[in-house]
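Listed after this line are the structures, all set down as C-alpha cells.
Common to both upcoming complexes is chain A, partnered first by chain B, then by chain C.
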Partner chain A sequence: MSDFLQLLIAGATTGSIYGLIGLTFTLTYNATKLPNLALGEFVMIGAMLAVLTFSVWKLPMVVAFPFIILAGGACGVLFDRLVTAPMRNAGMPMTSQIMATIAAAIVISSGMAQIAGVRQLGLPAQFQGGVIRMGELSILPQNLAVIVITALIGVGLWLFLSKTRFGLSIVATGYNPTAARLVGIKVSHVFLATFALSAAIAALAGAIVAPIISASAYMGLNIAIKGFIAAVVGGMGRPIFALVGGLVVGICETMMSGYVSSAFNEVITLGLMLAVLMARPTGLLGERT
Partner chain B sequence: MSAEATPARRTASIAIQLGIVAVLAALPFLGVPNYIVQLAGSAGIAVIFALGLNLLFGYCGQISFGHAGFYAVGAYGVAILAPMLGYIPALFLALLLGMAVAMLIGFPLLRLRGHYLALGTLAFGIAVEFLALQGGDFTGGPWGLSVDRPVLFGSGMTAAGFYLLILACTVIAFYFAKNLVNSRIGRAMQTIREDEALAMAVGVNTVFFKVAVFGVSGAFAALAGGLYAGLNLYITPDLFDIRLSIGVVVMIVLGGAGTPMGPVIGAVLLTFLPELLHGFHEYAAVIYGLILLLVLRFMPGGIVGLFRKLVRTKPGGNERVVTDAAS
Partner chain C sequence: MSRKMLKVGLAATVATVLGWAAPAFAQEAIKIGFLGAISGPAADLGRPSRDGALLKIEEINKAGGINGRPLELVVYDDESNPAKAVANVRRMAESDDVVAVISGTTTGSTLAALKITQEIELPHVVVVAQAPVVTRPVNPWTFRVTGNFDHEITRIAAFLKSEGVKKLALLKDSGTVGQEAYASLKPQLDELGIELVANEDVVINATDVTAQTLNIRRAEPDAVVYYGYGAEAALFAKTMQQVGLDVKAIGNRGLAMPVFLETGGDAVDGFVITDNFTATKQVAADFAARFKEAKGYEVINAFPGLGYDGIGVLAQALSKAETVDRPGVRDALEKVEGYEAVTGGNGMQISFSAEKHDGPTGDIEQIVVMRKAEGGKYVDQ
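Then we have the complex of A and B:
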C-alpha cells in the first residue's frame, strides 16, 4: 500500500508538470486556435535559465524565479512577433502555421545546442530540506513544491480567465474573434498576451522540473508531447482540464514503470491518448458535442 | 497538366521522361565516382519518402510530423526479416507493415481534425524511436542492427546493382503517385484538402480516403526505410528521430507541396546541398528550421510554385492556366 501511495506521489509530480504544459498549450490554443508545437522550447529555456541563475550565478530564489518568468514571457512575445503573427497576418493556412511553430522549435532547440552543448545539465533542488514524512508517506520538498506551484497556477489562471476583464476578453476572443473585435477587444493584443503568458508559465515549469529531470537543449519536444497528450486526454475545452489530464497521464506512466517496466513509457502515453480519442474525442472532461 | 494532349507533344514528353530515366540508370556506368552514385541512391530514397508524404500532406491536406516512424518500421522490418526471407521479400513485407501500422494509428487520429493528427503523429514518431531504443536484442537497442548485404538471384548485389534497384523503386513510386492524384481517388483527396465538409456533402467517404492515403504514404515511407537499410547496411535508433520527420516535411514544402515534381526537387536539393557546403553539418538543424520558416512565409508554393508564377507572369509567355495547388 505504501508503495502504491509513493508511486502516486511520484506520478502526481510528473503529472503536474505535464498538466502545467498542457494548460499553457490549451491557453494559446483556445484563444488563437493554433496548436503551438514550439511550447516545449519555452520549458527548455526555463530549465536552462534555471541552471544559469541557480547553479552559475547563484542568485537567490526571489530574484531567480521572477527573472525566469519574465524572460520566458519575453521569449513568448518574440515568438509571436517573429513567427506566429507574421504567418497569421499573411493569412497562411493553418497547416503552414503549425509547421512554422515546429520549424521555430527546431531552430530554438538546435540553436541552444550550439550555445550550451547537448549534455544533460543537472542542478540542485531549489526547495531544499529534509524529506517530509506524513505517516508512511515521504515526499521530497522539491516534488511537493512542484505540486503546490501547479495547483496555485491552476487556481490563479482560472480566476484570471473567469474574473478579470482581460481574462474574459481572452475567452471571448477564443469563442469568436470577429465578435470580440466588434465589442472593442484588440485581438492581436490578446494573442500576444496569451503567447507571453503561456511561455512564462512554461518557463517556470521548466525551472522547477529541471532539478528532477535535469536540463538539456533537446528536452523540449519530448516534454511538450506529454503536455499535448495531457491536454488531449483532459479535453481541450478549458486550461484546467489539462491539469487533470496531466495527472492521469503522469500517474498512469509512473504506475506502469513501478509495477511493470519503464521500457514502454512513450508507447503507454501514446496508447492512452489514442484510447481516449477513440472513446471520447473531446477528452475525459470535455463536453460531448 | 494534361491540358496539352496533342499526340506530338505527348510523344515528346514520354521520350524526354524515358531519356531522363535512361541517363539516371546509366549513371554508375559512366565513370561517375562511387561516392556520387551512393549519394544519388540516397536522393532516390529521399524522393520516395517525400513522394509518400506529399500524397498525404500536399494532396490530402493532412500533416504528419512522425513519418520517420514509418521509415524506421521499414528499416527495422528489413533488418530483422531479411536474414530469414531474403532482401526483396523482406522489403515487400516491410512495405505492407508500414501501411498496416499507418492505417492502425491513422484511424483514430484521422477521424478528428488536423491538429490531433499533428500531435498524434509527433507522439508516434517519438514512440517508435523509443521502442527501437528499448527493444533489447530484437532491435539491438542503442547500438542498432547491421543489415545483410542484399542478395538478388543468388548473388550479392553490387553498389551499382543496388542503385538500379533504388532507381526502379523511385520511378515506380513517382508514376504511381502521379497517376493516383490524377485519378478519381486523387480528386477526392484534393477535395478533402480544400474543404472537408464539401467533400462529405458530395459523397466522399472522407475517413476512408484519409486512412487509405495515410496507409499509402506509410507504405512509401517504409519502402524508403527498407531501401535505406539495404544501402547503409547499418541502422541505429537515432537515425529516425524527429529531425528526419521534419527533414522530409522541409523537402516537400521547399520543392512545392501538392505538385508532382515538388518533392522530387526538394529531396534531391536537400540531399546534395549539405554535401556541397562543408561545415554545414553542425548547423544543419538550425538551417533546416530557418529554411522551412522562410519558405512557409515568403514562398508558400515552394520552388515549383515560384517557377509557375514566373512562367505565368512573363509577358507573352506560356499562357496556359495552371491550377495553383499551393494557394
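Then we have the complex of A and C:
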C-alpha cells in the first residue's frame, strides 16, 4: 500500500510537469487555433534562465522567479509580434503558420546553443531542505513544489478565464473571433496576451523542472511533446483539462513502470493517447462536437 | 517529421568546414574527415572529441607535419542523426577527398556511417561509440580507439566480484546502450554466480524514476549497476536517497558528464563510474593541461583524449604508409603497434592487427579505470 501511494506521488509529479506544459499549449491553441510547436522553446528558455539566475548569478528565489516569468512573457510577446501576428495578418494558411512556429523553434534552440553552448546543464534544487517524510512516504521538496505550483497555476488560470473581463474576452475570441471583434474586443491584443501568458507559464515550468531533468538548448521538443500528449488526452476545451490529462498520463506511466515493466514507458504514453483518441476524439473531458 | 526535414536543410547550410591555411608547408595537406555530434543531444561527446582531434593536428603541424605534409581536419556535424551521418560521410569522401575518417558520435550514427565507409572502402577510426557490434565481425576498413562495452562490463563484473556482491540490480537506458549492456553483462554475471534480482529501464529525459527505484529496493540487491547517461543517473541517485535505498552504485562512462555532478549534488557522492581517462597518468595529465590551454575548458572525461588518440594512431599509420591513399592508410593502421595513448589507465597502448581492430591493449584495469564522484568531482579510485 505504501508503495502504491509512493508511486501516486511520483506519478503526480510527472503528471504535473506534463500538465503544466499542456496547459500552456491549450491556452494559445484555444484562442488562436494555432498549434504552437515552438512552445517547448519557452520551457527551454525558462530552464536556461534558471541556470543563469540561480547557478551563475545566485539570485534569491523571490527575484529569480519573477525575472524568469517576465522574461518568458517578453519572449511570448516577441514571438507573437515577429512570427505569428505577421503571418495571421497576412492571411497565411494555417499550415504555413504551423511551419513558421517550427522554423522559429529551430532558430530559438540553435540560437541558444550558440549563446550558451550545447552541453546539458544541471543545477541544484531551488527548494532545498532535505527529504520530506510522512510515515513511510517521502517526497523531495522540489517535486512537492512542482505539484503545488502547478495546482496554483491551474486554479489561478481557471479563475482568470472565467471571472475576469479580460479572461472572458480570451474565451470569447476562441469561440468566434469575428463576433468578438464585433462586440469591441481587440482580438490582436487577446492573441498577444495569450502568447505572453502561455510563454510566461512555460518558462516558469522550465525553471522548476530544470533541477529535476537538467537544462539544454535542445530540450524543448522532447518536453513539448509530453505537453501536447497531456493536452490531447485531457481535451482541448479548457486549459485545466490539460492538467487532468497530464496527471492521467503521468500516473499511468508510473503505475505501469511500478507494477508491470519499466521497459515500455513511451509505448504506454503514446498508446494511451491513441486509445483515448479512438474512444473519445475530443479527449477525456473535451465536449463532443 | 517536418521539423526534422527543416533541420536537415538548415544543417546542410551550417555544417562547418574548418581548415588551416598553412603557408609554412610547400606540400599539399593530407585531409582527414571528422564526423561528430557537434550540435544536438549528443554534442557533449562530439565537441570535446573534435577539440581533442584538432589539438593533436595543431601539434603535429607545428612539429612539421607527416613527412613534410600538414594534416587538415574537415569537420562535419551529424547532430547524432544517422541520416545526416550517411550524407556527410559521402560528402567528405567525394567532395573533400579525405584519406580517412574519424567519428566521434553516437552508436546509431556510427553504425550508419560504417556501412558507407565499408562500401566505398574508406578507413574509419571510431573514437567514441562503444557498442561491440561496431567491430564485430572485424571489417577491414573499421578501427576503434576507445574501450568498448565488453571491456567496461568485464571491469564492472570484476569490481562486483571484489566487493563480494551476490545479488545485483540493473537499471539501464531503454535504448541501444541498455540492451547492449544487458547482453554483455548477463553471461558474465552467470559465470561469477551473481544473481540479477532486478532489471529495470529508464527513458532518456525521464522526469521520475521512483517506480524503478522501489522495484529495486524490493529486490534487496547488494549493489546497483546503472547503464545510461548522466542526467537520469543523477535523478536515480536522488531517488535512492529519498526512498532509502542504501547500496553501492556503479555506473558506466556515460555518467562522466558535468550534468551528473551538477544535478546530483551530494546524492551522487560515492557513485562509482567506469571511464577511459585518469589524470593519475603523466601523459594524460600533461595532455589535460595542454588541452585546457588551447581549448579553454577542463578535461573531465575521456572524450577529448579519444579524439586526440584517434588522430594520434592515424598519424602513426600515415607516417608509415607505403602510399598515402585509402588502401595504404588501411594497411598501415593494421600495423599500428604500441601507440602510447593519453586515454585509458596507466600503461595502456593502442595496437591493431589484421584480426584485432579494437585498439586498447593491456590488462582490463589498464583499459578501463574506475572513478568515484565525490564533492562535485570525479576522483580516481
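In this section, the second predicted complex is superposed on the first by the 284 of 289 C-alpha atoms of A that agree within 3 Å, B and C clash if a C-alpha of one lies under 4 Å from a C-alpha of the other, contacts with A are read in each partner's own complex, and residues count from 1 in each chain.
Definition applied: a contact is a pair of C-beta atoms (placed from the backbone, for glycine too) under 8 Å apart; a residue touches a chain by one contact, two chains touch by 3 or more.
Remember, it's a predicted structure, so these values are computed and weren't measured experimentally.
Undergrad: In the superposition on chain A, see if there is space for chain B and chain C together, and answer fit or clash.
TA: Aligned on chain A, chain C clashes with chain B.
Undergrad: Considering only touches as defined above, state whether A:Phe42 meets chain B (first), chain C (second), both or neither.
TA: After superposition on chain A, A:Phe42 lies in contact with neither partner.
Undergrad: Please indicate which partner A:Ile102 is in contact with in the superposed arrangement: first for chain B, second for chain C, both, or neither.
TA: So A:Ile102 meets both chain B and chain C here.
Undergrad: Which partner chains sit in contact with A:Pro281 here, chain B, chain C, both or neither? Use first/second/both/neither.
TA: It touches chain B, and chain C stays clear.
Undergrad: Contact-wise, after the overlay, does A:Leu221 reach chain B, chain C, both or neither (first, second, both, neither)?
TA: It touches chain B and chain C both.
Undergrad: Is A:Gly111 in contact with chain B, with chain C, with both, or with neither (first, second, both, neither)?
TA: Only chain B; A:Gly111 stays clear of chain C.
Undergrad: So, A:Asn265: does it touch chain B (first), chain C (second), both, or neither?
TA: After superposition on chain A, A:Asn265 lies in contact with both partners, chain B and chain C.
Undergrad: Quick one: classify A:Ile229 as touching chain B (first), chain C (second), both or neither.
TA: first
Undergrad: Once the two structures are fitted together, what part of chain A is touched by chain B and by chain C alike?
TA: 37, 99, 102-103, 105-106, 110, 113, 221-222, 263, 265-266
Undergrad: Which positions of chain B touch chain A when the two form their complex?
TA: 57, 61, 63, 65, 105, 108-109, 111-112, 114-116, 118-120, 122-124, 126-127, 130-131, 134, 242-243, 246, 249, 253, 282-283, 285-286, 288-290, 292-293, 296-297, 300
Undergrad: Please name which positions on chain A make contact with chain B in the complex.
TA: Listed in rising order, the residues of chain A that touch chain B are 29, 35, 37, 83, 86-87, 90, 92, 94-96, 98-100, 102-107, 109-111, 113-114, 221-222, 225, 228-229, 232, 263-267, 269-270, 273-274, 277-278, 281.
Undergrad: Under the touch definition given earlier, write down the residues of chain C that touch chain A in their complex.
TA: For chain C paired with chain A, touching residues are 2-3, 6-7, 10, 14, 38-41, 43-44, 47, 174, 200-208, 210-212, 214-215, 218, 230-231, 234-235, 238, 241-244, 257-265.
Undergrad: What residues of chain A sit close enough to touch chain C in their complex?
TA: Residues 3, 6-7, 9-11, 13-14, 17, 37, 55, 99, 102-103, 105-106, 110, 113, 118-125, 131, 138-140, 209, 211-214, 216, 218-219, 221-223, 250, 254-255, 257-258, 261-263, 265-266.
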